[in-house]
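We just call them A, B, C and D in the order they show up, numbering each chain from 1.
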Amino acid sequence: MYKFAIIGAAGYVAPRHMQAIRDIGGDIVAVLDPCDSVGVLDKYSMDCLYFREPERFDRWLSKNHVDYVVVCSPNYLHDSHCLMAMRSGADVICEKPVVLNERNLDNLLEWELKTSKKVNVILQCRLHHAAIDAKEKYGSRNGFSYINVEYNTPRGLWYRYSWKGDIEKSGGLITNIGIHLFDLCVWIFGAHKKECKYKVEISNHNQSVGHVHLEAAIVNWDLSTLNAPSKRIFFIDGFSVDLTSGFTELHNESYKKIISGEGFSLEDARPSIRLVEALRNV
Amino acid sequence: MYKFAIIGAAGYVAPRHMQAIRDIGGDIVAVLDPCDSVGVLDKYSMDCLYFREPERFDRWLSKNHVDYVVVCSPNYLHDSHCLMAMRSGADVICEKPVVLNERNLDNLLEWELKTSKKVNVILQCRLHHAAIDAKEKYGSRNGFSYINVEYNTPRGLWYRYSWKGDIEKSGGLITNIGIHLFDLCVWIFGAHKKECKYKVEISNHNQSVGHVHLEAAIVNWDLSTLNAPSKRIFFIDGFSVDLTSGFTELHNESYKKIISGEGFSLEDARPSIRLVEALRNV
Amino acid sequence: MYKFAIIGAAGYVAPRHMQAIRDIGGDIVAVLDPCDSVGVLDKYSMDCLYFREPERFDRWLSKNHVDYVVVCSPNYLHDSHCLMAMRSGADVICEKPVVLNERNLDNLLEWELKTSKKVNVILQCRLHHAAIDAKEKYGSRNGFSYINVEYNTPRGLWYRYSWKGDIEKSGGLITNIGIHLFDLCVWIFGAHKKECKYKVEISNHNQSVGHVHLEAAIVNWDLSTLNAPSKRIFFIDGFSVDLTSGFTELHNESYKKIISGEGFSLEDARPSIRLVEALRNV
Amino acid sequence: MYKFAIIGAAGYVAPRHMQAIRDIGGDIVAVLDPCDSVGVLDKYSMDCLYFREPERFDRWLSKNHVDYVVVCSPNYLHDSHCLMAMRSGADVICEKPVVLNERNLDNLLEWELKTSKKVNVILQCRLHHAAIDAKEKYGSRNGFSYINVEYNTPRGLWYRYSWKGDIEKSGGLITNIGIHLFDLCVWIFGAHKKECKYKVEISNHNQSVGHVHLEAAIVNWDLSTLNAPSKRIFFIDGFSVDLTSGFTELHNESYKKIISGEGFSLEDARPSIRLVEALRNV
């Protein structure tokens, strides 16, 4: 039975990881979170250790074997937490975006080499059947597409005042939520050129509108966290690819892939990390 | 529509309050929590304000009307949070134990007088049908009973290292969880005498065993947070009163009572607060 | 003997307040700081209470009399802390900038009326002899001046990553440090017109260069926290007014004024608060 | 020029380390503290990096060379911080008590072996001239002494409510302050036997009185943090050895020893760590 440790166990997405771990028969043996609201653990593991201080968790890791460290901490710490995990001899399962800047990827790749461990990146959109279909239809063809993305994930006012609303901690809207849609686009239509050609027309804390040229598509995005129905629709040359539903179960799917050695790699994540970094630094 | 503000919105019990507020048609307008994992709010209120700092929340309260402030913060802060709420002109709904020490009650009672506001104490056990039946059966009769309480609420290791395991913050096991069972006993069988006659035989962070003389009963308790099935059983003169199930829905019931003016008062809570304070200070 | 409580006792400027309190024969009876590095207190008061949580400090204030609450917390909390103090029946001594936005002043003025208490604002520059001389020379005359301000207070890299470098918490360089120089200028040369005429040419986290039209002067400023000698020089029509030295003792002077009822008021602070707010929101 | 990084830079004892580093010509290149009140740094180093999160500091350490990491964090974290430092390739200078429990020493010794790095323990009392004299006089002789230790370091009420008053974080009075006096005694008079023969008569948060049998002495101690004059007096067979003055300069002395390779080792610290652990677990 695989042993898992979770960094960020009090956070919003942690229960999806706990559920996925249970579904693959894994065991949660330790968690870290400076916030002690981790009672949800009782649904999944009664003898799981809890650490409040990163240093003590790290020290424990140095003396105990875990197979996977799950990183679902604030984005700006992913980097350090992946390093902490690999150094201890564990593979990593890291929430999106795996890092905020492309240069952080190179550092993690060095640590992968040094430790022979792997960072598995959660890119659950790529596992959505509608996305897979689109990849098949458009990915291998010799064409150029015009895409309109309408992407809204409603979030309350708290979002702005949590770490997710702090651009230095989350990377901001384009990075924290946009990573989903931009990753899908570059996965299917290829990355942007060396010099990224794009325009951001609206850039608020709760909405981003703009367009960008990718290898085989121009993408117009309208991304928001408005109090309006959730939607994740990609209009590709007029045809809609709809990921609005079927999103929450994809963590389970991700875990199955990961434990069978087919998790997404740091290099898989690179093109979209590079893109959101470019779009962020307007 | 009543307006509610919640202190401790990232905590474990907060969603039950949010649910109960929705069920009575209330509106959550603001929350406070130093921990920003409050994404659960999106299920209940999209335009709710979020405050991380108590001072700023307090300042907001001083300028805005809310009908009820819900206090589900760590126990040692209930006191201060009830005061903050009443001073702002709001009634209070406070999680158990409303305070850690009886002297704190007196302070709050003064503030009730000064502000003409009320602290409604959550004592959800008293609303459980099995408890109501027992109260009817034993409460008014002229007898004396022998009670064995078997009370286990399983909690993982995190419990010990969260504020709930810190006796200065939670009051410890007898206070934080025991309040449920002791409140029921004194509600039905009357308080202890001025000098509390009791013995605590086991007192660990996860188990407490002892007995205490009440007005019309001797209560043997075995209270724990062990990794064993949940149980809340009172054997009264050999007959079992079982509250093991039907517990989680009682917050809704509590809220209905409160908004119709029948919430439990500080004086209602006094006998059990006094008892757990005595038992805690062994 | 006056009783003082200090909010922000672990911060950099707190010891100057402690010293000033001792020098006027005051007594420090309670302090608040979430950071518990308050050992410096032992030099000033051995029986001073220490609070880590604002709520508990506030509750204590509600039951105990202090004459002055000293507010030297992060700027964005001054507002709430002044309110907390006045509501408890204490006068306030508040570090600069007393608030971040002019609208916050109006709220505090209401509370002054409601409580008959006063917020004394620390504007120590105005007590510097060189400033007093300049005020006398230029303040009452009918002229117009051209001013170059060279103002550098060297700060290490930590500054950028502390709350002082977070514009939402400190107001940024123009507000947190610039308040000194802009206050002096508007004090002597009058406020800016309703529509503020200014230009900010450089605006980094550690340097701000620009100019602004005041009633009787145009001010060119070069404000920085660079690793270079400290300087606070105002060249007024070519004549230098130098406040570089003699700065640290001005807290004592401020306290003497305050306890004799001559502390600077919220209205005294208004023109410079308004100006830095305008310059900040470029 | 040696490069130093400091963990716990906002704490009370940090400036003594900064001063000692400057006096030996060292360079402070990075500091870590979750509390950002680190302005004191500006007296010592203007281009020193500041980290608020341990993980990011650790990551920085993994990419940059420092010669010494100074550990002056809360005691219960010394252990983890020493490990963090050695793993990064740095030697360590650790405040007293180096660890809370003897078993932690063994773990650190393993890491010393694994990394070929050294933990230098600050035991500044041993460098006090009066202590050196006493060691010479009593250390090598074949006798048995009766010792009365009167040790008071006055501390205000804050002490009790800071981490220093939390026995899980500091080890309590006997450990946090008593380590000084017990270390001197075992250094001069030898350790206690395998089974520690002792009695603690008074054990409050601000006073500890008791006696213990060492190899060549019986030590009666009266240790406190009362609001009374500071004293550190050892009456050995009626003769007084007085360390009351000359204490603060010993950090400089310690650093000189350390950089010349003569710092105290983990094994040097073992007997007193073992003793305070025994006395603590009454």
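Keep in mind that, in the parts below, contacts are C-beta pairs under 8 Å (C-beta built on N, C-alpha and C of every residue); 3 or more make two chains touch, one makes a residue touch a chain.
Here the structure is a predicted model, which means the values were calculated and not measured.
Visitor: Is it true that over half of the residue numbers where chain A touches chain B are used by both copies, so same, or is it different?
Guide: Same residues, largely: of all residue numbers at this interface, over half are found in both copies.
Visitor: Could you work out how far the Cα centre of chain B sits from that of chain C, in whole Å?
Guide: It comes to 44 Å between the two C-alpha centres.
Visitor: Could you please state the distance in Å, as a whole number, between where the Cα atoms of chain A are centred and where those of chain B are centred?
Guide: One centre to the other, that is 39 Å.
Visitor: How would one label the connectivity among the chains shown: line, ring, star, complete, or other?
Guide: ring
Visitor: So in the complex, which bits of chain C are touching chain D?
Guide: Going by the criterion above, the answer is residues 10-12, 31, 35-42, 45-52, 154-159, 161-163, 227.
Visitor: Where on chain A is chain D touching in the complex?
Guide: Those in contact with chain D are residues 53-56, 58-59, 62-63, 77, 79-81, 83-84, 87, 107.
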